[in-house]
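Okay, structure first, notes after.
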Amino acid sequence: MLDVLLASLLSPVVLAFVLGALAVTVKSDLEIPAPLYRALSIYLLLAIGLKGGKALSETPLTEVVGPALATVGLGILTPITAYTVLRRLGRMDRTNAAALAAHYGSVSAVTFIAAVTVAQFAGVPSEGFMPALVALLEVPAIIVGLMIAYARGERAGSWRDAMREVVTGQSIVLLLGGMAIGWIAGSEGMAPVEPFFVSGFQGALTLFLLEMGMAAARRLRDLRSVGMFLVGFGIAMPIVHGALGVWVGGLAGLSVGGAAVLGAMVSSASYIAAPAAVRVGLPEANPAYYLTASLGITFPFNLTVGIPLYLALAKVLGG
Amino acid sequence: MLDVLLASLLSPVVLAFVLGALAVTVKSDLEIPAPLYRALSIYLLLAIGLKGGKALSETPLTEVVGPALATVGLGILTPITAYTVLRRLGRMDRTNAAALAAHYGSVSAVTFIAAVTVAQFAGVPSEGFMPALVALLEVPAIIVGLMIAYARGERAGSWRDAMREVVTGQSIVLLLGGMAIGWIAGSEGMAPVEPFFVSGFQGALTLFLLEMGMAAARRLRDLRSVGMFLVGFGIAMPIVHGALGVWVGGLAGLSVGGAAVLGAMVSSASYIAAPAAVRVGLPEANPAYYLTASLGITFPFNLTVGIPLYLALAKVLGG
Amino acid sequence: MLDVLLASLLSPVVLAFVLGALAVTVKSDLEIPAPLYRALSIYLLLAIGLKGGKALSETPLTEVVGPALATVGLGILTPITAYTVLRRLGRMDRTNAAALAAHYGSVSAVTFIAAVTVAQFAGVPSEGFMPALVALLEVPAIIVGLMIAYARGERAGSWRDAMREVVTGQSIVLLLGGMAIGWIAGSEGMAPVEPFFVSGFQGALTLFLLEMGMAAARRLRDLRSVGMFLVGFGIAMPIVHGALGVWVGGLAGLSVGGAAVLGAMVSSASYIAAPAAVRVGLPEANPAYYLTASLGITFPFNLTVGIPLYLALAKVLGG
Amino acid sequence: MQTASYRLVTIVAERTVRDRLLNTIHRLGATGHTMQEVQGEGTRGLSGATWERPSVKIETIVTEEIAERIADHVAERYFQHHSVIVYLQDVEVLRGSKYAPQNEEA
Amino acid sequence: MQTASYRLVTIVAERTVRDRLLNTIHRLGATGHTMQEVQGEGTRGLSGATWERPSVKIETIVTEEIAERIADHVAERYFQHHSVIVYLQDVEVLRGSKYAPQNEEA
Amino acid sequence: MQTASYRLVTIVAERTVRDRLLNTIHRLGATGHTMQEVQGEGTRGLSGATWERPSVKIETIVTEEIAERIADHVAERYFQHHSVIVYLQDVEVLRGSKYAPQNEEA
């Protein structure tokens, strides 16, 4: 466990995140050009999709069905647990609770990637088709979260616009699109593009996390405004959801690595797809809450402590 | 033939183009940052040049002379055929006909790359010096096209500015410049930069075609405004020019793959160098015509159906 | 000597610089998108740091101490020599002399990279920990330069802001940060990110120098305004400092390659860290002087003639 | 120099509402617009930060009447829940006819 | 359309002074700002060229009084040694209260 | 706050004419300009879309007289065949002398 924790903490990817956070703390003039950041996120999402699609093309469907169903189930369940916790324990208003539920039910692609890398490194690689599960996990929670809000009368936003935003959002299009391409092209067709999309991946991710670290650190400044409860929520909720994900993943027949990665996925909070949809569907929700919690608290927690934790848990349950 | 058609249709590069088009159709919020698109086009042009230059440095000049002359000849002939067709059959006004002639006489670098890839894949690789021919084919047609227009009295644009735009245009500078660098550095000097410019090439192209697909789809919306004739022209003209290119290429001593690629080059319509020059030299021409035809119709046609067609033809003639 | 001179002159990296300069001369519309340029400089600095850090993690500290002390010493000495020359021979006012001193005492990362490549190529590779010396050489000179200026009464700028700008500047953060990451991660941890940061390096550098060539050429237009003396200074000073660096480097126990690279570092003039600090600390200094000299004269000189010269000298002294 | 007086309507808005805004503007009679990406800060905090999509600044030159229509529409439709501001200025343009719907001379 | 009159203060400045400028503006009472990267040329030559960090254009809508404070501050603190210009314009805004400190209705 | 009145000339143009425009502006007496990349839509359709070079928005603060010269020149030289628009506004600037050719105080 400890060696894995160290190995993941001391990987260039995580260290880059720390460097970014430090740069903001010392008020460095370091600035990642916005177009570079966007280029990297497009690259990463497409690359994940391509890899997943290629893997799918080599996997018997029967192997995927179980985990797929489990993932969808978790995508429907977790926003409800999150909402309940926020309302009951947090006494949070309905709108913001629903918004946060959508975020914590959905998934963070970068957390997923980090988890895959750590599992790989720990000698328990996850299934190749995991990216398919990311696509499956991203959408339902957002829909459920918005439904909870819309179930309660008049809304400022537009349900239709929000749905369109979810299903035509950049991350879904690139993930699913990439998977389709990888699946159709197969390993032979993929070969020529792999130096770009596979070999370069970890390095691009390092650069990406440099900016993530900066963004997270900037977000942390709003910590005061969100209150201690949300801080606690941002750490406790992932642990609960993560454990649940690991456990269900195991039952669904995933390997130890696969279960750990699913745990990380379930525990993670979306900070790209969900915010975009919520801004449209629940504009009256306060971004300071859901962005600070998902980007400023949960993401760093998972990246550093969470992932190794879920992996250890998966080993215990799985071994 | 069919297997090649499939292989090329189902390559990640073409599929990315389709994905881009789909993203626009479903009104996705996917957006390729403009600087990324420009960075990719600079990278691709420079990479083509470098590869071509390196190949030239290893090729006896005698082998290149024939194909080079043939290419220049085609660059002078095709704008005239295009102009004639547009005037006679299309009853199009002189200015727009000349503008379109410049585009269809010139060449699309991306169509060239795609053709090289397909030929490669089909087991009939094209000559390494083909990029040199791209540089040769790009310029003459634009000059001829503008000459046709200027031959007919007063013009709004400036002939000198247009010529400067053509010969100092980004694509020429990068292609010729890259070739010079590759030729001078030779294979030994090129070795250290090849991981970046050679291995990464296909992947970068995939990303580039994602945006191309989006641009083409957006262009298609203007289809109504350009009329059915232009749609037909955008498909028929490439076939004629392509066949011509394949045939002449064979006579000039190119291999089957080389002839096929030359066919694709001749059939393709420029959408970077030509538009830039025409905007300066023939500002009164309507961009909706030449952009929609070259980017919205001819490019997709060649990418999907055209290239395999020219390859099949080259095999028939060459075999 | 000559073969090395040729080899370095005819490397794609240098040729790209020339191409960029030519593009500006012929008024090409070629334009490197600013975000691409910034992305490349972030990538290059981080990559240098990572490589250096990894090397440090494999080097006994004792080997580094000598060269490190020598580097700091040179970083304190060279701004003083530069200032004296500018004041005595150049009759330049104190402010601008101090500003130039800060630039010529500090180091140009790109000159460093070019030198490493040439030494490598010439069969006398430099020590792996050289990047650490770059970080050491960058800061002191800027501080000394500003101190010289501030030592003389009232200043428009803010000393504290200037210091903050130096030590939290993007290049220091990325260099030191990268080194820390590479050092902590070690060669095992670095492996997955090396395809991106190591294999891609030379190619990215080529693209970067394309823009550098354009920037240098644009700068040269201001040549008249800066006067002949500064032109001479921009060529003579590097030679003196370079020779000094080679000599001291040898004494400090660096290999022939290492001494040559240190010479190139010492001879080079900063055009990123120093200008940023000077703009804050000495805003009344005239950018036309320090930018034209460092970017328009000294950088091209070192890139083409200087580096092979220092290498030859190192061979003489070292062999 | 023969100029005509028009209104310059400037809208700064978060990216999510961009396309809807553009459609509305043209539907309400604008003959064109100029747009650029911006970062901003206001009562709803930062917008257009690196990690999210940049906000946009949309400028359109229109007749007084259309300007009012646009301003009213934006106010009523977006103010409550979106990061959007609108302001109006007078401008003198050349080729006045260009900015009036169906080119009635202004 | 119910509009209120405010002042639009535009500052074009080299990147190095950006953050200090933003802090000052808000300290002096601005309730928000909009910012974009620009390239420029002036008496100090080019600024924001590719190889250096881009200059910024900062726009803030404020009351007459705050506008004067900002303009004066910038003039006195930055004009002598930095590439900075400031200019003021009148604008009509919707939701006037938005731009007045502690929302006193304008 | 001691301000002087000048004219702000704004030109939005397709990229191909950018450099010629900048040269002209300065030749006609502008002491500086600020420029940014924009996307636009007008009677000639979209301009500055991703796959082509971005359009530019050029702003220059000049005297009334120079403003007219610039506007007239652009109108006559570019309107017919290029995607170009020009509009003028009044601005109050600090350091008026800065914007008048050979620094005659404004």
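Read from first to last, the chains carry the letters A, B, C, D, E and F; within each, the first residue is number 1.
The criterion applied here is as follows: contacts are C-beta pairs under 8 Å (C-beta built on N, C-alpha and C of every residue); 3 or more make two chains touch, one makes a residue touch a chain.
Nothing here was measured: the structure is a model prediction, and the numbers come from that model.
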| item | value |
| --- | --- |
| Chain B to chain F, fewest steps along touching chains | 1 |
| Any chain that touches chain E and chain A | C, D |
| C-E against D-F, pair bridged by the larger set of C-beta contacts | D-F |
| Farthest chain (mean CA position) relative to chain B | E |
| Farthest chain relative to chain C (centres taken as mean CA coordinates) | D |
| Distance between chain centroids, defined by C-alpha means - chain E, chain F (Å) | 20 |
| Intercentroid distance (Cα basis), chain C paired with chain A, Å | 41 |
| Gap in Å, rounded to a whole number, between the CA centres of chain D and chain A | 36 |
| Junction residues of chain B - those touching two or more other chains | 29, 31-35, 38-39, 165, 195, 199-200, 276 |
| Per-residue multi-chain contacts in chain E, two or more chains | 36, 53, 89 |
| Residue numbers on chain A that touch chain D, as the complex places them | 32, 34, 37-38, 156-157, 165, 211-212, 214-215, 218, 222, 271, 275-276, 279-280, 283-284, 287-288, 295 |
| Residue numbers on chain A that touch chain B, as the complex places them | 33-35, 38-39, 42-43, 46, 50, 164-165, 168-170, 173-174, 177, 180-182, 184-185, 189-190, 192-197, 199-200, 276 |
| Residues of chain D that touch chain A when the two form their complex | 14, 16, 44-45, 49-54, 80-82 |
| Parts of chain E lying in touch with chain F, wherever the complex brings them together | 12, 36-43, 55, 57, 68, 71-72, 74-75, 79, 85-89 |
| List of chain C residues in touch with chain B within their complex | 7, 10-13, 15-16, 19, 22-23, 26-36, 39, 117, 195, 199-204, 206-207, 210 |
